[in-house]
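In what follows, chain A forms one complex with chain B and a second complex with chain C.
The block that comes next holds the complex of A and B.
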């Protein structure tokens, strides 16, 4: 993360660091004039992304996603529940997004971060979107049903931010989608009372008469996979995939979510100066396609 | 229930005096001043240190030494069943206090008055011995942050089942109901800073088990030394020295 310095003089290097701290806006604008950013990326390039499946062994589906330094760990645990009366053949998904204090120096214990509920709401909107007409959200809730009217799956999706360095929503969405891809349904069997219970993998001193109903652990069917990209807008520059430093000084943030058929799923711009609408959407979609 | 079979092998294939596999990494959280990931077998813990920085709550500011705060949390998915309240429950509060007092004993707080050092520990995967893994991870994170300390603090747990002292209990052995001794020492100074035990144990066996746990701590200390040495070499290499 070395800042650019013109001469290799030690005294000038100290000045660059101090300049970066004291006048962050001018520091970044000097870089924008050369069409480059402090970490060496061109304006439209996103950071390196890595994805690891099965990060948490005890969960039914899990993934660790990293975009640059931003790290998110997502894990899904399945439980059996009785479905509601209005929709007896649908399961349920509960999405929770946590930002523990380790992720950023600005988060204090006992006081949740300001952005945490915002990202949480965005995530649940994207994953659970119910559209009436033709296509529906990423997951069909009917897939989560076990016995019509009696038992259905409740999926608890927990996403923990382990390092917050900008583009939180992108990384969170990526880890959530990956966790769902990795999800395997646990085995269930019928209890003596006629209730459906989860059978754990080991069978130490197993009780007789408990046979798993669905022996082959099937995977969840994802209809369309959403991808997102966050950009900041500053004067006339569009910066893709901002770091935390860039996010804190630039006024406007735009998040675009596309799905795998390149259709626009959601567009999110929470306030800030108005800009040319079409150009922003075009640039974001192009950058998105490049990433997919 | 048999925890040590007649040949002397435990449930996960180890011998009674054998520790689980250790693995540590430094500098994993880029935003933190110091951070580390510590693994003991299947127990994986990430620790981040922020500080010394300005005290956030002015009323708690100490004029002659640094304030040390610690928070321990387990995510919902880290144990077998999904936990409802990961943070505010009693066990988490107790472990936070234990870690804070242990680390406070070895940080040279008088060198940094009117400041605050935050230690945040997050359990990613729990399989017994989380307390020890947290203390080891916190030590590494403090070393990574460059905070002056008297010595490293290393910790290890030991128990006594089937008339055999066992080192480094896993969750299965811990839930057997036998005694569980956790020891934290300063290895170079050879002083004990943390000693906790639950359940009953005769005095002479207790001494044996504590001795065993102390040996385990020294082994962890050796490993941590190697990791820190390797990290320093990497830093030297990157700086071009």
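The block that comes next holds the complex of A and C.
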């Protein structure tokens, strides 16, 4: 995201840069008047998005998602557990979101970022709350069951932010969903004690009568796929997919999560000085639909 | 196995790839992939030292190494690695011209995405590329290589499995063009002759790794000029 004006004169470029640092709000408002943003995008356009599957070889499912410069790496590791008494035919999903100090100058080791727990909560809400309503859940927890009451999958989903440049939740959700799409259940078999254990790759062709319980490497069935879009509100302007700089200057954020059938999944507006009037909400969700 | 190892002895180590500019939010950063070991290092600063710090004529270096929860075959805690953090600090300290940024701190943060053996040497080499990317003045790049002693054999750039069987290990961090060593660690059982042989092997490998790192930086510099 380089400087936006390729002015030939170095001194004027320096001035723009200084202006940007000293009067960030005025700098951005000046751009808004022209209906353009410092990185050359029109107000309603999101940044380029890329997605790569299988980025982590040691995980059972993984994905790397990039929106602009914001980069998230999600990986899922599966473990066999004993299901709870209340829901003997369901597995479990644990979602964790990490912001290591490499991702942003504001994060220091030993002092976790303030936004990390917020994004973490939002993520697990979005991924798990759906599960409760079985008719429109993203994942049916019953799919994670192996042997009723005896064994089920415990899915550990870890999302690492590698580069933070705004729209953290959008990117994190995208990488999480992609990791679930990429997920392949490991092979399991019954051992001599009658317990279900994961079979590692090499010993799969074993002779000792240990048949794999789940023969084919199953993939997880995703019932509906959530997408999210964050917008910044400033006066009458709505900026889709803000960068970290825009987020820090114009503090009102609205995040809309829709699923693949355009049903509203969740809606966040964590405070901010600008009121989210109805039209803004409508426009945000319209923008979102356009992006899907 | 022996044949494979011999083959690797000749070509020295697993495929090494370095890329700069992995993290936009940082002043400088690098991604290194050597075999299955994948590491990202970000450099921040020079920036204001913590308030509690004493006044210092020379710059400070602050290092931190952490692992992702999925880095190791068994899901870990993803916590900070204190030992590696201080080893990284000591390996880099001698190479950085600390006089060039008095009163301020340079932060070097590393995240091991996947651990495939020889993690610390990869972190050190990657960190020095990231420092160069951030424009921090250094006497030279620091290239780091480790050797494992397995019975009678010396294995350079060991993978995770080889490390778990090793009798001893030796790691050298060196500045190849100045022919100086910033860090040397030896653990386990070694005979003097073996140490000598392993050191020669490491120093030779360091100079080759240094060339790979240098060419990566040159490529990045050329690309940014265009």
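Convention: the second predicted complex is superposed on the first by the 275 of 292 C-alpha atoms of A that agree within 3 Å, B and C clash if a C-alpha of one lies under 4 Å from a C-alpha of the other, contacts with A are read in each partner's own complex, and residues count from 1 in each chain.
As a working rule, contacts are C-beta pairs under 8 Å (C-beta built on N, C-alpha and C of every residue); 3 or more make two chains touch, one makes a residue touch a chain.
Given the structure is predicted, the values throughout are model-derived calculations rather than measurements.
With chain A as the common reference, chain B cannot sit beside chain C without a clash.
Judged by the touch definition given at the top, the superposed model places A:57 against both chain B and chain C.
Residue contacts after overlaying the shared chain place A:165 against chain B and chain C alike. Of the two partner chains, both chain B and chain C are touched by A:75.
Looking at the shared chain after the overlay, A:98 reaches both chain B and chain C.
Annotation: chain A residues 56-59, 62, 69, 71, 73, 75, 77, 79, 96, 98, 100-105, 108-109, 156, 158, 160, 162-165, 244 touch chain B in one complex and chain C in the other.
Those residues of chain A whose C-beta lies close enough to touch chain B in the complex are 55-59, 62, 69, 71, 73, 75-77, 79, 96, 98, 100-105, 108-109, 156, 158, 160, 162-165, 244.
The touching residues of chain A, counted against chain C in their complex, run 1, 56-59, 62, 69, 71, 73, 75, 77, 79, 96, 98, 100-105, 108-110, 156, 158, 160, 162-165, 244. Here chain B touches chain A in the complex through residues 28-32, 35, 42, 46-48, 50, 53, 56, 69, 71, 73, 75-80, 82, 118, 120-122, 124-125, going by the rule given at the top.
Interface residues of chain C facing chain A in the complex, by the touch rule stated above, are 22-26, 29, 36, 40-42, 44, 47, 64, 66, 68-73, 75, 78, 80, 107, 109-111, 113-114.
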